[in-house]
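The structures considered in this document are given below.
Shared chain: subunit A. Partners: subunit B in the first complex, subunit C in the second.
Showing the complex of A and B:
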């Protein structure tokens, strides 16, 4: 089988230092449990998005080439993106994956069913699954492909978010890839290892205020069926190949809720928890993801939201044709994300290690664990970046609703709505506190990570000191861009 | 971390902050400023305009390639310029009025802070991101937020180092 990504949990999740409270939502809202246990749950969540998506892709292919008048651009890159990054991810984690239409055709190829479940025996799983069911290569069982894929797409983002046709083609390509991978490989190889959205969802869902976990670790230990991961006649094997008994982070659970249905011991529940409760990064792939995301937030803030026209022209390559400029922009972003930024991070971590005279930990371990501090700050920097997106460009939603293809229709009489930003002068007053909150959460979780590593407040503080300066400096750079 | 080290860090930071604040609070005498803004896909020249609070601004807008807009945040001003035209068009968006033809626009920069001017007439692919910045000094939010960033960090570290709270 594919590698199990979830290493043994700490003795009990509640002992993690950042956890002050935890509420079992299934106990509190029994209707919620009934809803997610319904066989039709996930498909009902996907269906509306599938229909919308279909409309968006058509609009991308046949609608106006002007982004701000085409529903695919306005709804995906303004509305969807904003809701995803400011609400879904911080509050509900990977809930987008619950309703995401991209893998639905691939799922169907494997399951030949949209709602019902089929028991059987396929490669050790207790369901009948179609397709070749090959094993995903072990070497690629990490998020490096997602890292590179996302960075690549991001470099072309100025085209992606302004050209309807580019958006439509990229989404089509992703669906196609998901189908091919679902046919060749078992379970959701596309989601786990390739989907460019998946990488940042996995990283930032560590902060989210919900988690799906087993209720009793003991019950899992005694459980012989392991139906959560292997499936049963009640639910499909976990498409992400997660064994609930050891799940201790949100990263690689797509919240499809199959395990809730298949667990014979009724041992899985959705919990509410404090912001940024998962604080353990586990590999270089995840560290680089955190670096890439933060650098991209910075790069987008400069390129898209900055006043510098020549940089916009470099990024807007298909129109400007300035390949020299594009090379500068692309290589600067790539170098910063893959080399310079991780390098600086490594330096400040080493400095902290030296200050704390910490020899019992390898610098690799400290680097990976402390890189977590980029997660809350990165997420909030993305949110700060997205605030003007919706307050300023959100006005296009109103006109595009009436004229989704930009063909001059007027379905609801709002097509003529003149573009008008919503309280734009207040944007910096929202962005500054958002960034400061990100800094606060980064430091706080960084301290918990350090305390976890050193078990001593004074040592933890020393180890964290240089990193705090680094994080403060990053915050200041964003402040300079947004409010300076 | 020793108390002495913290004392030194806090001292250094306090000095830095005082410097920043002093810069931010330097009083400036209002002056007349005449500014010509040229719009060309997908930027304005000048990209950043820095003025002091109270300055009286006379603004002219020119478009070099295609028709561009100029929506100035915080000052209830929306304009439009067409290529090869010495005159341009303005309106107050809050009133919903139509554009009026003008030669120049005058206003007093009486609201401090950072305000973007954005293209309000669809002019091409990157149009939604076409923007420049009017900075009316003192832009107090900026030094204040820098101070807060340093404060958040120092207070967090102090709290971590001490036994008791988290």
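Showing the complex of A and C:
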């Protein structure tokens, strides 16, 4: 079996040319491979989160309606969100999907098992799967539903992230949806095509510093069983229906590690790699996802962190009752995310295409490929937005830990911990470098994409120039918002 | 081994699904009565939106769709020990029983404050919100009636309205 032992990765058209290292973590840490190969691995990671989310939903239903004193708001929208976007995604990609409790009941319904694997033959897969096992409609086999779902939830974010009952109902709805879809469709249709969290994880996992890949492409080509995608008596068929032999991006791998168990050639490994190594977007749905996420980072920053009270009131529809204002806010966000921003992006890409006299590439190809520059900038903009979330509101985590439902408990003696922001004067000094780092990575990877497309530094520079100005302008807007 | 490999996780999951709500229920049904053994526990929640102190449970599932009714007079026996668990479902309130020199006690939103007292003398005890919390702040008041021997309300007419400053009539 061929192995990669800390060698530079072979050049790949979709990879950043500057990628100089790749480490097989299963070789470096054999215990990690043993842990991941255990059948109980994924469930062991899911169970604590299942308990937590169950507590969150109960707290949302039966706890205090005051968000800052209810664990569902404090732990989900402050702690979990911060850890997810700041640490988990950039470092570990879609590792949240490994441990997410939302689809576990659907999985059980489909597999009739939480840990063990069932052999069988179901719609060409080598596992026994229950339910109707219908194929997900081809026309919806993209992330458009996730795009619109996330945008819809985000427009109601002022309610979602402050009202315990709203969060509880949304999580309950997602769990219910996952169960229904697991019964009707094969594999994890909910996670692949509907889950709003999965949508943005798929995009930003492209930047992550780990990847699950085949060790030897040759071994995959010669493999006749294709157990990674079809399953075997050692592991379930890939819930995302990903064939490891051709996997070249993190987007749609949920890191469940079933393929590591099922591969008959022991040919799958976890690799560490440089930040932002996946640089190829593959469709309009992903481009629009990048646009939506960046616009929403801006919208959240304006509504939740900005000084404009009237905009907060527009977004806070359940308290203000100002439907006219809400309509303005919702329409503006939607238009900006779906029309204006993608339109501006298209214009600057076309301008760059004209400057570079690029005729060998279509506008579509350039638009999709260069839209990747929104990914590092978007991720870092979200991180910059999340920093004050936890620095200003983090004290609530301490008090809520002891009184999760606002019932007057004092489990760990910290219920009386008073709110106090953590070094608020330092927030802009943290946000600014994070944003500038995002701009740097966007320009850097954008240059690599352009170089890959045009093969000439001068042409790549000309093609990227208008987009660089656009990205810099976006960063300046964020800086003005955060720093003043 | 293979047959049992899934029984443990299923059992653990089922136990968790049952145990957690039971534990939460146990907090109210077992722990609080034990903590305040010998005392009667009364929970009062202040709502500025409705201008009431209510004894109805106020929580995420009903706060946004329900109007809550003010607590009727609370009757306690002379000499009975009472623990009032005071909560606020919206803004900062405060609580006071001027006749007993209790309070003002701040009741921040989402938090619970506990005050213990004994009804020594038969008669009405007015409780009210001491801090201007909303346009209907004046409505946030109620009565605890200490019943005398034989369950009688005492020599003073409990229907008497207290003075505007909140003190019971002498």
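Basically, the second predicted complex is superposed on the first by the 467 of 484 C-alpha atoms of A that agree within 3 Å, B and C clash if a C-alpha of one lies under 4 Å from a C-alpha of the other, contacts with A are read in each partner's own complex, and residues count from 1 in each chain.
By our rule, contacts are C-beta pairs under 8 Å (C-beta built on N, C-alpha and C of every residue); 3 or more make two chains touch, one makes a residue touch a chain.
Please read all numbers here as calculations on a predicted model, not as lab measurements.
Under the clash rule set out above, the superposition-derived model of subunit A with subunit B and subunit C shows the two partners fitting side by side. In the superposed model, A:332 makes contact with neither subunit B nor subunit C. In the superposition on chain A, A:420 makes contact with subunit B only, not with subunit C. By the touch criterion defined above, A:66 reaches both subunit B and subunit C. In the superposition on chain A, contact of A:153 is made with neither subunit B nor subunit C. When the shared chain is aligned, no partner comes close enough to touch A:344: not subunit B, not subunit C. Once the two structures are overlaid on chain A, subunit A sits at the apex of an angle of 70° toward subunit B and subunit C, using CA centres and rounding to a multiple of 10.
Once the two complexes are overlaid on the shared chain, A:163 sits against subunit B and subunit C alike. In the superposition on chain A, A:91 makes contact with neither subunit B nor subunit C.
Once the two structures are superposed, subunit B and subunit C can be ranked by residues of subunit A touched, with B on top. The gap separating subunit B from subunit C in the superposed three-chain model is 5 Å, by closest C-alpha atoms. The intersection of subunit A residues touching subunit B with those touching subunit C, taken from the two complexes, comprises 66, 68-69, 163. Residue ranges on subunit C touching subunit A, taken from their complex, read 2, 5-6, 8-10, 12-13, 16-17, 20-21, 24, 27-28, 58-61, 63-64, 85, 87-90, 109-114. Contacts from subunit A toward subunit B in the complex involve residues 17, 66-69, 158, 162-163, 303-305, 307-310, 312-313, 316, 319, 392-393, 396, 418-421, 424-425, 428-429, 432, 435-436, 439-440, 443-444, 447-448, 457-458, 460-462, 464-465, 468-469, 471-472, 475-476, 479-480, 483-484.
Against subunit C, the residues of subunit A that register as touching in their complex are 39-40, 43, 47, 50-51, 54-55, 58-66, 68-70, 113-116, 163-165, 168, 318, 403, 405-409, 415.
Within the complex formed with subunit A, the subunit B residues making contact are 1, 40, 42-45, 47-48, 71, 73-74, 93, 111, 113-116, 118, 120, 122, 124-133, 139, 141-142, 145-146, 148-150, 152-153, 156-157, 160-163, 166.
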